[in-house]
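In the two complexes that follow, chain A is the common piece, with chain B as its partner first and chain C second.
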Partner chain A sequence: MKHITVSTLALCAALYGVAANAQAVTADKGGAADMVLLPKFLGILPFDQANRGAEEAHAELGNTGTLLYTGPTPENSVAGQIEILTTAGSQGQDVVMLSNNAGDQIGPAAEAAQTAGTKVVTWDSPIPSGQGETVFVAQVDFGSIGVVMADMAHSVMGGEGEFAVLSATPDAANQNAWIAAMEEALKDPKYANMKLVDTVYGDDQSEVSYNRALALVDSHPNLKLIMSPTTVGIQASAKAMQDEGLCDKVKVSGLGLPAEMVSYTMNGCAPEFALWSFVDLGYLTYYTSYMLATGKIKGEIGETFTAGRMGDYTIEEDPGRAGAKRILMGPFTVYNKDNVEAEAK
Partner chain B sequence: MRQLRSTLASWEGFLLAVLVLIYLVNALNSAVFLTVGNQINMFQLSVEKIIVALVMTFVIINGEIDLSVASVMGLAACAFGWLVQAGVPGAAAVAIALAIGFLCGAFNAFFIVWFGIPSLVVTLATMIAFRGFARILVEDRGISDFPAWFDRLGQGGFIGPVPFAMVLFAVLAVLAYLLLQRTAFGRKVYFIGANRAVAEYSGLDVKMVKAKIFIASGVVSALAGLLFAARVGAVRGDIASGFELDVITMVLLGGVSIFGGAGTMSGTILAILIVLSMRNGMALQNITGHIQTGVLGVLLILSVMVPIIRETGSRMLARTR
Partner chain C sequence: MRISLGTLRIIVLLGVFAATVLFFASQIDGYLNARLFNRISGSVAVIALIAVGQAFVVLTRNIDLSIGSVVGCTAYFTGGILMAYPDLPPLLVPLLAMLIGGIFGALNGFLVARFRLPSIIVTLATLAIFRSILVQSSDGSSITTERLPVWLTSFATQNAFSIGELQMRWIVVISVVVVLVAHVFLTRFRAGRQFFAIGSNPDAAAFAGINAGRTIFLAFVISGALAGLAGFMFLSRFGNITVVAGLGLELKSVGAVVVGGVNIFGGSGNVLGVLIGAALIDVIDTSLVRWELVSEFWREAVLGLLILTAVAADTVLMRRLLKRKTDGGQQ
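Up next is the complex of A and B:
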């Protein structure tokens, strides 16, 4: 068995034309693993981008199994995710790659899927309790997102004034962790003159977020900034401010997609925002899942593997969730007038 | 032979034929469909909704509607979570949550029965209000860490691999059938639904029957909410939201008239089986949520259209004779 592994490694090294890394495990091409990419729901761009990354890795690895991209409708997200995860277990899928929108409610279903032999790799948003989760592929370190958001707020507001947060759903584990990290960062004396006055939720739906943004402006007359750590919220807020001609008074910042934000950055409504690449996140998640399914890694802390074009990654303890494991993708980019147009193409 | 033909010609007969067809198609399309594990999953994923559909059958046959069921489910589940977190023993929290369901039902009944406000209006208002209370109770966080025995009720097998909620559904389905089709109370439910004015003139205790039904709807919904909390092991403010439409869809598909007075419990149960097996079959074929919802919509339209077409058809036939 050991011989086979060693010779495969050598073969891979020969194929890539590079020296084999002593620690990092590489994937065997042409394995068979049936995989399901399960976003929070269908119909928004970042998830489609993640799917593009997964498809890229799928083709690159020559997986003879299937890659299925399926998700619930936005109104039925929680029950729908539970249903799809459960069905995947019945179908005998090898891995479900889940961007969790159901909080801890999906824990029992994830555990049941694991029992049925289906691994559950989360990405974008983990299962808060870690129940039934093999490993979480984290886009960026949650703590560092907090600092970046605080810094963007500082820069946009000139270091003083009132601002508010417009988040996704109240139980979105990732957004909540980022907001908590930002509140932690705000304790630094550097931000002493900035005041977070409100946190509201737009349910990651454009129309709801749009209305919540306008309501924020009404209820806080001195508001200088809306910080939205979700791609749906930031775009809806920027549009709301633009439509109402409020961009001179209230700016928007947060986490957004360059393609969706470019016009608002150029016209000054959203001068700065940040994001990581969802394509890369899908790609890395796929590599992780494929290597788990083909038995090249076990999902244990300290395992290092090579994720194709993105390089080496190591499974580590998740500092935000006791007992859970993560793979940290990082880093991310702050976009402004100077670099947004190039990225949006 | 004639009896067989009339059974097949009835709505229940039609539903049964559809159900058999769906099972056949699903079994041919997926080797997994007929496995015990999948059949259990199929029921368990919707077991709370189908329990509420049983009581909704009474409500609609009685000529009323209850839109607040999903919000009562959410409120009961959130109240349970809140109480457990506050240190109340699990069994007491279950009892209080059921009592809340009773009060919700009584609240609906009070305005519908004694003030004569249409149930559509009252339960639309309480659908929003009860959901609001649920959100206030747990605010914007999730509550988990329920007692282990409570989680086991929703997650593990109770009799063999069959979970507790499914056993409960089976028992309730039999009871609901007997109550509606075999008792004086059941006949009153139909009679009032068919013509409320006549029922009142003939001295029927219309108000009492309606009040009982709405209170039962509240209690059963609270029970379903608790079962949902046990199955997913956590609650938050939006738990079970939107379920009322799925519940009503199943009942109407079962041939229960939205105008009251007509329909059967076996129709509802057949419709439940059709909706569940159809959804499960589509999920096994990897058909996305949007298409599943669309197919169910078409099914509902057909279920309303077919009886009308058939009636018009037989009237035309009678005229030509």
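Up next is the complex of A and C:
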């Protein structure tokens, strides 16, 4: 009997604990935190949109510290990111918000920054090993991106035939994770008649992606679809198919910006593609970072907080990376000819 | 029969080119067809223009490493101007692009010729500076196909004429014409020969009354203007221009120039060879993607190795042939 009582008490305590954790923490406005938003490189629309979201949150929270949007130039992305992160640590910045393009190479620099008291919050693309990373703000669940890509391929190809992937760089952590997730999703019997025949890399450059897309068509005469999980690659592939009059034969799908894809969706070259809001991603990343910097959250699993207009979020274990933590934003939108025009404006 | 050294080099290069194509034909199913030509000619057209400009600079014992950023800047700025003024007369647009590129080139030329700074340092710096100007002034937005005039985005795929399935696109025709004009200018005109003179013996050129500073300045302006024209074609071909446009083209152009037989220390070379060099590099690059034996991670290394092999084969063959010629008593 006594035994049961103790258990019950323990259960109550446990439940109480859960309830306490579920109580969302809200931010105190007007704190002081110096923040650095560090994209893969400067000058590409999605990152600029993320910065807009961060600026919105910065103004809303009345942060008396600074928000610095800085990044390397495109040709110097990997070395530049490591350098900026290292500098931010020694300057005593409070948080660096990083969209990682340097794979695990940036891990030691992130760890050094943490030791110096600078938190490293990743967004868009995490540090694969999680080394030196406080938490990752994931745009969508990486596993569900895989399912959505597989589903778009299924719908565009009518459920059967050969398709290929045109990705960004061979060491882009986010794209690699999404492709792996798609391959996992493809094991479902629903996709049994679809065959992924090739994966190539366009380095996130229009000209390389354009030529790779055409090379794919030439290598695989029965190709029905190019799946490109990168905004540069999907646009270049669609242009290549349109230029060579191949749209009837080979369709394009993947992750793209409505403003860049609208004509290809309307003319049938790219009937379906998906994306999330980079403005929201920047906004949520900023809220997370601000609350970490002002000590409202510690970055531990189970902590729940309110991110302004976007509502409540909870820190959880990252299912894709053992030992790492993430905050899941979601959801994302699938665009087709019914909704793309409105969004492109 | 007398064959000049230059002609011999072209013949050897053509041989290496044919061997490369045959090699890939033996490795890749359905490789040799008209489509291959249509695919590769378009991108060679862009690279060849840049490489010819680079050749002018290399002939004078200099190098232009800023060229990738110049292509990116002209493509972006020309696109930006067209989005603001879509009614510009089409013929004016390539000239505008050449003017923008020429200004970048003039800046390089001024620094190198006026202050006698090493061109490798100057253009390495301007490579970064021009790219940063592009990044800063773009403010993160890209040029998109939707907002460009239709004549521009369809220009890159328009045929001048076609032979059977072989399509000769306008950009290819223009590029070949530029190469031919450059060739005639360099070999038949006094002003053209001056580029060789400066590179092969600067002191003798000075004694002969050639203004080295002005010639070097001109080489950089030509390089910039041709990069500008390439930027126009780039804009037409890809439509969507981000700040990474043209990244790495400087290496491709130097590669084409060296493979094409221009002496990297100046003074000798032939732009017809440069055209073949550009085509050779592009064929290797495109074909490697289709060659299943090479994974993505090894592609760059294999490309480098094949370029080395091509250059080595060219050098060895040239030596052999030269020796035979001398032995035959025909020098």
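We take it that the second predicted complex is superposed on the first by the 323 of 345 C-alpha atoms of A that agree within 3 Å, B and C clash if a C-alpha of one lies under 4 Å from a C-alpha of the other, contacts with A are read in each partner's own complex, and residues count from 1 in each chain.
We adopt the following convention: a residue touches a chain if its C-beta (ideal position, glycine included) is under 8 Å from a C-beta of that chain, and two chains touch if they have at least 3 such contacts.
The shown structure was predicted, so the numbers you read here are calculated from the model rather than taken from an experiment.
Bringing the complexes onto one copy of chain A puts chain B in a clash with chain C.
In the superposition on chain A, A:P170 makes contact with both chain B and chain C.
Looking at the shared chain after the overlay, A:L42 reaches both chain B and chain C. When the two complexes are overlaid on their common chain A, residue A:E75 makes contact with chain B and with chain C alike.
By the touch criterion stated above, A:Y201 is placed in contact with chain B and with chain C alike. In the superposition on chain A, A:S155 makes contact with neither chain B nor chain C. Once the two complexes are laid over each other on the shared chain, residue contacts for A:Q91 go to chain B alone; chain C is not touched. In the superposition on chain A, A:A215 makes contact with chain C only, while chain B stays out of contact range. Stretch 128-136 is the one of chain B that runs into chain C, the other listed stretches 128-136, 146-154 or 218-226 having no clashing C-alpha atoms. Chain A residues 41-42, 73, 75, 170, 201 lie at the interface with chain B in one structure and with chain C in the other.
On the side of chain A, the complex with chain C involves touching residues 41-45, 47-48, 51, 73-75, 170, 199-201, 204-207, 210-212, 214-215, 218-219, 221, 232, 235-236, 239, 243-244, 259-260, 262-263, 344. The touching residues of chain B, counted against chain A in their complex, run 30, 32, 35, 37-38, 41, 45, 139-142, 144, 151, 154-155, 231-239, 242, 279-280, 283-284, 286, 288-290, 293. Considering their complex, residues 28, 30, 35-36, 38-39, 43, 46, 128, 131-132, 134-135, 138-142, 144-146, 156-157, 234, 237-248, 285-286, 289-290, 296-297 of chain C touch chain A.
Contact residues on chain A toward chain B in their complex (touch as defined above): 41-42, 68, 70-73, 75-76, 78-80, 82-84, 86-87, 89-92, 102-109, 112, 116, 128-129, 131, 169-171, 201.
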